[in-house]
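What follows is chain A paired twice: with chain B in the first complex and chain C in the second.
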Partner chain A sequence: MQIRNLKVAFRTYGGRVQALDLHRLDVRPGEILGLVGETGSGKSMTALSILRLLDRKAEVQSGEIIFQGEDLLKKTEVEMRTIRGRRITMVFQDPMSSLNPVFPVGEPLVRIIAAHEKVSFRAARQRAIDMLALVRLPSPEKVLSAYPHELSGGMRQRVMIAMALSSNPDLLLADEPTTALDVTIQAQILRLIEELRAHINASIVFITHNLGVVARIADRVAVMYAGDVVEIGSTADIFRNPGHPYTALLLQAIPRLGQKRGTLPVIEGTVPVVTHPQPGCYFYPRCPVRIERCRVERPEAKDLGDGHWVACWKQDGRLPPDNSEGNGEV
Partner chain B sequence: MSVMDISSGQRRARLAALRYDLYLLRKNVLSMAGLVVVVLLVLAAAVAPVLAPYPADAGTQVHMSQQLLPPSWAHLFGTDEMGRDIFSRVLYGARISLGIGVFTIGLALLIGVPLGLVAGYAGGVVDEVIMRVTDVFLSFPPLLLATAVSAMLGPSLVNAMIAIAIAWWPWYTRLIRGQAVSLRERGFVEAARATGVSHLTIVFRHILPNAVAPVIVQASMDFGSVILEAASLSFLGLGAQPPEPEWGLMVSLGRNFFLTDWWYVTFPGLAILITVLGFNLLGDGLREILDPKTREV
Partner chain C sequence: MPPLLEVRGLKKYFPVRRTWWGGATSWLHAVDGVDLRIDAPGTTLGIAGESGCGKTTLGRVILRLLPATAGEIYFEGRDILKLNYQALRAVRRDMQIVFQDPYSALDPRITVRDIVAEPLRTHLHLGGRELDDQVAALLAEVGLDASHIYRFPHEFSGGQRQRVVIARALALHPKFLVLDEPTSALDVSVQAQILNLLKDLQARLGLSYLLISHDLSVVEHMADEVAVMYLGQIVERGPAAEILSHPWHPYAQALLSAVPVPDPGQRGREIVLEGNVPSAVDPPTGCRFYSRCPVRRPVCREKAPVLADGGGGHWVACHLAGHGT
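Presenting the complex of A and B:
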């Protein structure tokens, strides 16, 4: 899947807010792409744009989202309905609210499978049980007829994952699927996703603000800032050799085992709300290595080799040595 | 609860929850009284032909020799100006009143609920148009609107029921719209959209079942009001027509004899009073149980 020059704006009382100005994002077949960034950087917006499920106040201004050779933005609502839940599926952040409390959890699952594979409900039910077993739910047959409130958060998220995988999608959008779970369950769900990679051939876009999660499961990482991808590359490249100062600062802000007590470095300020698009780099006000050019001219993405792209005028984007002292003691 | 015994345990748990609801209802004397009245009314309507001493009196039967007899063991509630047994007529009237309640509320729900769901889910212009239309309907006093519609359609019981439903549906639209507006934002609606479910399916399969509880309470409370309204229309001559044993119509016909033969208006009037009271008490009780804020242990 390829996204090119996607611009999405929100109409608000305060004027038009540029939520996405995404120049370029590719998802390769079968890979797990980690999409990271702060709150408000446009991660979820990107996923919702792909499924065309944006709020009615949002407006896609331009761009294209090419999925299997077709531009999703040119599809009609009816055509999109045959793509959603079949070729592209999504797992949401909060498993507590993502299941309808009035149905047994198996009901939508059986329905999806029956509709997708055009089999009888009886056959679909068996497939549903298989799917629940695949996501390592104990006694899948019992879970099938359980109501959401009878399952724990981790179990519900497993059900959601089973639902998202049941139609054998080509692309799975996972929007912070582990954020609402406690850490031990997070680890289980991540392990599950790693295990399932062998069973499915879907590309996965894994949205998170947790870099530790990304380091563990992603093949490649895209870092978003103020509605655009500022850096993309293999996970190893991003973590060992960040090309953008924002990425470098994010990495510094991860607490590490064995780290001496002290203050974690923070990135001062917040992601700007773009009401009036500026000519320069959106990270300019917070950037420790900014130069005059950054204020007046938007940096274009440059290839550092091996598919490692960075949108920064200071191409290597290294932080000056004195900035890393944040790890020190108080 | 362990996963192992969900389906059997689940059924048992739900049964226990239902029994607990019944216990709460029983604990409240007034709502229990309401429930008793409603049950008795349904029973009376069901077995009216067996219970009524003079079933034929509910129809066109006339006994000129027995006009306006006071209550006695032969005629518990006395007789009317045609010599008909008022007790039998009141019993049969329970059938008509229950029918009015079911039909009118049903029709009002049928109009009001889908419109409210669509307004709340769609939002925007659709919402605005539907809600302003309900405002127009709600700006009339309900009895006046029903009277006007009934007069337009012509006087008959069926037309009266249609007229009342037309005056009544906006309440349900408002109620369910509010529910739909908040449910629309819930995660499972977004999740359903993401699996390619159509808007129509979302509205009726996902939102409606989550939105009905307050509507059930409101409808049960409205039962009494609707019966009262139909009786009023019949009293005004716009509803049931003679010789139907409709309570409001009986009161209307009996008012000519009010000063001399008190039993003629009193018993149908009491029937209306007790029925309306019964439904209101039951509705109050239901609301208290279904609303977590007023639910007591």
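Presenting the complex of A and C:
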């Protein structure tokens, strides 16, 4: 899948807010792409744009989302229905609000399978049980007839993953799938996703704000800021050798186990809300290495080699060496 | 001098099912026999644990925001569970709380000035010029601009709101703050700002913190001492550096290893626990971690381990202490 120059704006009472101004994002077949960024950076908006599930107040102004050679933005709603939930599926953050509390969890699962594969109820039921076994749920027959409140958060999220995989999709969008879970349960789900990779051939876009989770699961990482990808590259490159000052600062700002530091380096200010699109770099006001050019001209993404793209005017955008102890390297 | 805070045998049970005449038939053991202490002023005790382990309830019971079922809480040598209303009010000046969610902790209908001024009005009966000066000083203390004084909470970002919550907690010059997940609703870059502010305030004002957090990296960054909770009980406690580098209890080991580290080179080192935290309603006899423990033995099922000093102030509640995974 390829996204090019995608612009999405929201109409609000305070005027138009530019939610996405995404120049370039590619998802390779079979990879896990980590999409990271802070609140309001446009991670979820990207996923919703791909599925064409944007709110009515949102408006796609321009751009294209090419999925298997076809532009999703040119599809009609009827055509989208053959893609959404079949070829592209989604797992949301909060499994409790994605499941209907008055139906057993198996109900939607069996129905999805029956509708998509046009098989008998009995065959769909058997497939549903297989799917629940695939996500390592103990006694899948019992889970099938359990109500959402009878399952724990981790089990519900497993059901959601089973549902998203039941149509054998080509692309799975996972929007903060482990954020609502405890760390020990999160570890279970991350391990499950890793194990499932062998059984499915879907690309996974794993959206999260947690850099630790991304380091754990992703093959490549895209860092978003103010509606655009500022850096993309292999997980090792992003974490060992960040090219954009925002990525570097973000990595320094996390407290890490095993390295106690007196004060944490901070990024001054907050993530901007883009009401008036500006010509320059959106990170300019907070950037410690900014130059005059950054204010007037939007940096284009440059390839640093090995598919490591950085949108920054400073040749490689590296920060000057940080003086606080324990910088970067673990 | 008595320790700043000492908690002995603290229990908090919530009734879950009631008979029709109102008697409880079963109890949720949210906090079940917790001992802890903060000796020196200006230090931080971190409480780590997953959701449902009772860490938030513990914080609220210590401040007497919830009544305790049993136990003793000594604040500067006085058992605050035995204080009457008047005496409790006086003690409360010294103990304040910072809540997790700065969006629901602030009244959306009153200005920041009134939010911060409220404790000054009710406890110190300040007014007029004096009150305005104090509010301005407090806002400056937490890094907010004096021009923000007449704004409403919705005009602030999450990080700024948390600063307002901290300013309100500091208004009466407390000695002790309960920080209940102070940064878990915030973004990474803002989290660093708030953690730095809390550390800076501690150094300048000599505050003691009880930091409640599920995020072990935050606990390690802030705390001098750490207690790890599981199902209402402390399973391990001791100096932060020691606990977070050499945990003995199998739960503490698994919890620590499950924290995703922002370093792709450290993949696959986590201990993945089976199953879920069991219900705190009528918890199991024997070790509460038994059902998920990777190194359990028959003895663990029959006898509950007690928290014992394993040397160097490192306390652990496990029959197999030190022989873990």
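Brief remarks on what is shown
Here, the second predicted complex is superposed on the first by the 320 of 330 C-alpha atoms of A that agree within 3 Å, B and C clash if a C-alpha of one lies under 4 Å from a C-alpha of the other, contacts with A are read in each partner's own complex, and residues count from 1 in each chain.
Convention: contacts are C-beta pairs under 8 Å (C-beta built on N, C-alpha and C of every residue); 3 or more make two chains touch, one makes a residue touch a chain.
In this text, all values refer to a predicted model and were calculated from it rather than measured experimentally.
Superposition note: with chain A as the common reference, chain B and chain C can be accommodated side by side. In the superposed model, A:L35 lies in contact with neither chain B nor chain C. When chain B and chain C are set side by side, the one touching more residues of chain A is C. Legend: residue contacts after superposition of the two complexes on their common chain; A:L249 is shown touching chain C, with no touch to chain B.
In the overlay built on the shared chain, the residue A:A187 is in contact with chain C alone; chain B does not reach it. Once both structures are fitted onto chain A, a short way to say it is that chain B and chain C open up an angle of 80° at chain A, using Cα centres and rounding to the nearest 10. Contacts of A:C281 after superposition on the shared chain: neither chain B nor chain C is touched. When the shared chain is aligned, no partner comes close enough to touch A:L25: not chain B, not chain C.
After overlaying the two complexes on the shared chain, residue contacts for A:T235 are found with chain C alone; chain B is out of touch.
Looking at the shared chain after the overlay, A:M90 reaches chain B, while chain C stays out of its contact range.
Least inter-chain distance for chain B and chain C in the combined superposition, rounded to the nearest angstrom, is 6, based on C-alpha atoms.
Here chain A touches chain C in the complex through residues 38-39, 152, 154-155, 182-188, 190-191, 209-216, 235-236, 239-240, 249-251, 253-258, 260-267, 270-271, 330, going by the rule given at the top. Chain contact summary for the complex, chain B toward chain A: residues 1, 3-7, 10, 123-124, 186-188, 190-198, 206, 209-210. Contact residues on chain C toward chain A in their complex (touch as defined above): 50-51, 157-159, 187-193, 195-196, 199-200, 214, 216-218, 220-221, 241, 244-245, 254-267, 270, 272-273, 276-277.
Here chain A touches chain B in the complex through residues 51, 53, 56, 80-86, 89-90, 92, 94, 96-102, 108, 112, 137-139, 142-143, 145-147, 150, 160, 163, going by the rule given at the top.
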